[in-house]
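Common to both upcoming complexes is subunit A, partnered first by subunit B, then by subunit C.
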Partner chain A sequence: MGQFVLFLILMTLGYLFGHYAEKKHYKSINKREKELLKLPVISCKNPIGNKSISHVKLSYGNVVISVDYFKRILASLYNFFGGNIRSYETLLDRARREAILRLKESVTDADQIINLRIETSSIYKGKGNSIGSVEVLAYGTAVYFEKRNQNR
Partner chain B sequence: MKYTPSLPEKNDNISDHRHPLVQLFILLVSLGGIFLLVFWLLVFFVDMAVKSISMENEAKIYTQIGELWDYEFPADPIKPELKTLVDQLIACTDIPYPITTRIIDDDDVNALALPGGNILLFAGLLDSVRSENGLAFVIAHELGHFIHQDHLRGMGRGAVLMALSIAFTGADSNISKFLTPTSQFAQAQHSQKAESLADQTALKILNCHYGHIGGATEFFDWVKNMPKGSLQKLEKVSHYFSSHPQVEKRINALHHFSNTHNFIMGEVRRLAKETQD
Partner chain C sequence: MLMSNIEIIPNKTIVTGFGVVSGSTVRAKHAGRDIMAGLKNIFGGELKGYTELLEESREEAIKRMVSQAEQMGANAIVNVRFSTSSVAAGAAEIYVYGTAVTVE
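Coming up: the complex of A and B.
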């Protein structure tokens, strides 16, 4: 029974801290996404428009997020019944968006980011092969157009 | 091609927008429900199987673990008076295998029936009962467990529980912890039923031996009337009652059973000093 009480305490702490962290993170993501909206990031190989390119550079954004105890337990319950594991969906959604934001933030002076690619991997396997932490890497090519006034 | 800066109105990457606690509640209730249903179904088959195993065959199953009890509970030799009492009570039953009674030198007010025909009487219990009949009821209660083959049922249930826990959650999974209260609930229900049945059998044995059931509730009355301040002692008693129905409820059940079987109350015999020592 003592083990069960400890488990409940961990669950409660996991829920409280995890919920707070997620809420705070989403708030930050939404705010920063609005701020960086004007910088196009696309998955096409070629930039939008016919402007001549001055130079390009590789840019990437990387994030590692850990699963809290509550989410892990909720996911293991979903493993039994099947269905969408919502607790992991929010985790990966946050990780992907954060990685793209970091990618954008690394090249705020670029005109476009093309050829966006996203890769996900679990960098730590928890107990019994359950997911511990996820890494999301977003990378692309930052394109800088030639400025007309510079040409003259 | 033109780039139009915009953000999606809603997040389609998250499928279930219900509150995580609501999700947890739904999952837990479903898992617990399915677990209990399968558990009870399997236990029903276990009980059917136990019924088909004779007490002789049951004794054979326990021959291997007899030596374990010798090692675990090195017993004090019991007084001839106590042995006679136990033998007389056994004569009122159809238990085909020998019963070994052991006195454990411990303050616990407790008695246990262990598989293989072993009864453990704790010294604390012998100090607490006042009459021979009161002690006889406790011993008869433990004999009741042998008659109902409760150990075999317990082993069967334990095996079912372990198999189900592994099947449901995997051998080393966090969600097995969720099933702890569910399985404890299921087990406690069984234990209470087994204790009530053992009480009823004890009454029959007592009536068979003394011709009346005087002193049957003596031990429970003692527990009930214990001063509230003696918490330390209560703790020791509580172990005996941990899986047992509440004292008051148990006394009432005993009265009810004796009334329906027309058992009569009679004079109790004082417990011989030699037995207590």
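Coming up: the complex of A and C.
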């Protein structure tokens, strides 16, 4: 009985805090993505536009995000019945977008980031080997174009 | 040390290649961070302790790779790749590798 009560408490806490944290996180991601629109990130090896490059810099951003208790239980239910595990989809979506944002924030003065690579790994294994949290690393080469007025 | 994750350093020519250089670190987090991580596993959200931990070890791995390249006499590393794997519960291995070259 005691265990069941604890389980219910954890479920409720997980749902309330997890829901709140996710909403807040998405809000901040959307806001920062808009602010950083001027710095394009591409996965090609050549920068867009025919400008001469002055220098480059390797840059990266990483984040570790954990899923809450409620969603983990939900995911194990989905595991039983099959279908898309929506709760993990949002977790990975948040993690990737956050990692790319951090990559951008580390080099805000660059003109473009080329050759974006994203690396995902599960760091912390919860009970029963279910994914507890994921680490996402986004890295790329920040390109600085030559300033025109300096050439003249 | 110039670094990029494309095959070239733009605006420079590669003169000599030295082969692959790499650096790795295996880090375990300390107890305080682990307790916080356990709590966060209930509430969800970012595990700041782990994020910092992995960032530190990634910097350390890059430092090791750079010192290896410097020993060879290279002045740039091209085609840098990162990879992460969890070795045991709570310990993570960060591996970074690239090709050491001299550019002009």
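General observations
Just so it is clear, the second predicted complex is superposed on the first by the 152 of 152 C-alpha atoms of A that agree within 3 Å, B and C clash if a C-alpha of one lies under 4 Å from a C-alpha of the other, contacts with A are read in each partner's own complex, and residues count from 1 in each chain.
By our rule, a contact is a pair of C-beta atoms (placed from the backbone, for glycine too) under 8 Å apart; a residue touches a chain by one contact, two chains touch by 3 or more.
Worth saying up front: this structure is predicted, and the values here are computed from it rather than measured.
In the overlay built on the shared chain, the residue A:Phe7 is in contact with subunit B alone; subunit C does not reach it.
After overlaying the two complexes on the shared chain, residue contacts for A:Glu33 are found with subunit B alone; subunit C is out of touch.
Judged by the touch definition given at the top, the superposed model places A:Leu77 against subunit B, while subunit C stays out of reach.
Judged by the touch definition given at the top, the superposed model places A:Asp93 against subunit B, while subunit C stays out of reach. When the two structures are aligned on the shared chain, A:Ser54 is found in touch with subunit C, with no touch to subunit B. Look at A:Val63: by the touch rule set out above, it reaches subunit C but stays clear of subunit B. For subunit A, the partner touching the most residues, choosing from subunit B and subunit C, is C. Overlap of the subunit B and subunit C contact sets on subunit A: residues 71. The residues of subunit C lying in touch with subunit A in their complex are 2-7, 9-11, 37, 40-47, 50-51, 54-55, 58, 80-86, 89-90, 92. By the touch criterion given at the top, residues 1, 3-4, 7, 15, 19, 33-34, 37-38, 40, 42, 48-49, 70-74, 76-78, 80-81, 84, 86-87, 89-90, 92-93, 112, 127-128, 130 of subunit A touch subunit B in their complex.
Per the touch definition, subunit A reaches subunit C in the complex via residues 10, 13-14, 17-18, 21-22, 25, 45, 52-58, 60, 62-69, 71, 98, 114-115, 117, 119, 121-126, 132-133, 135, 137, 139-141, 143. For subunit B in complex with subunit A, the touching residues are 1-3, 5-7, 11, 13-16, 18, 20-21, 23-24, 27-28, 30-31, 168-170, 172-175, 177-178, 180-181, 184.
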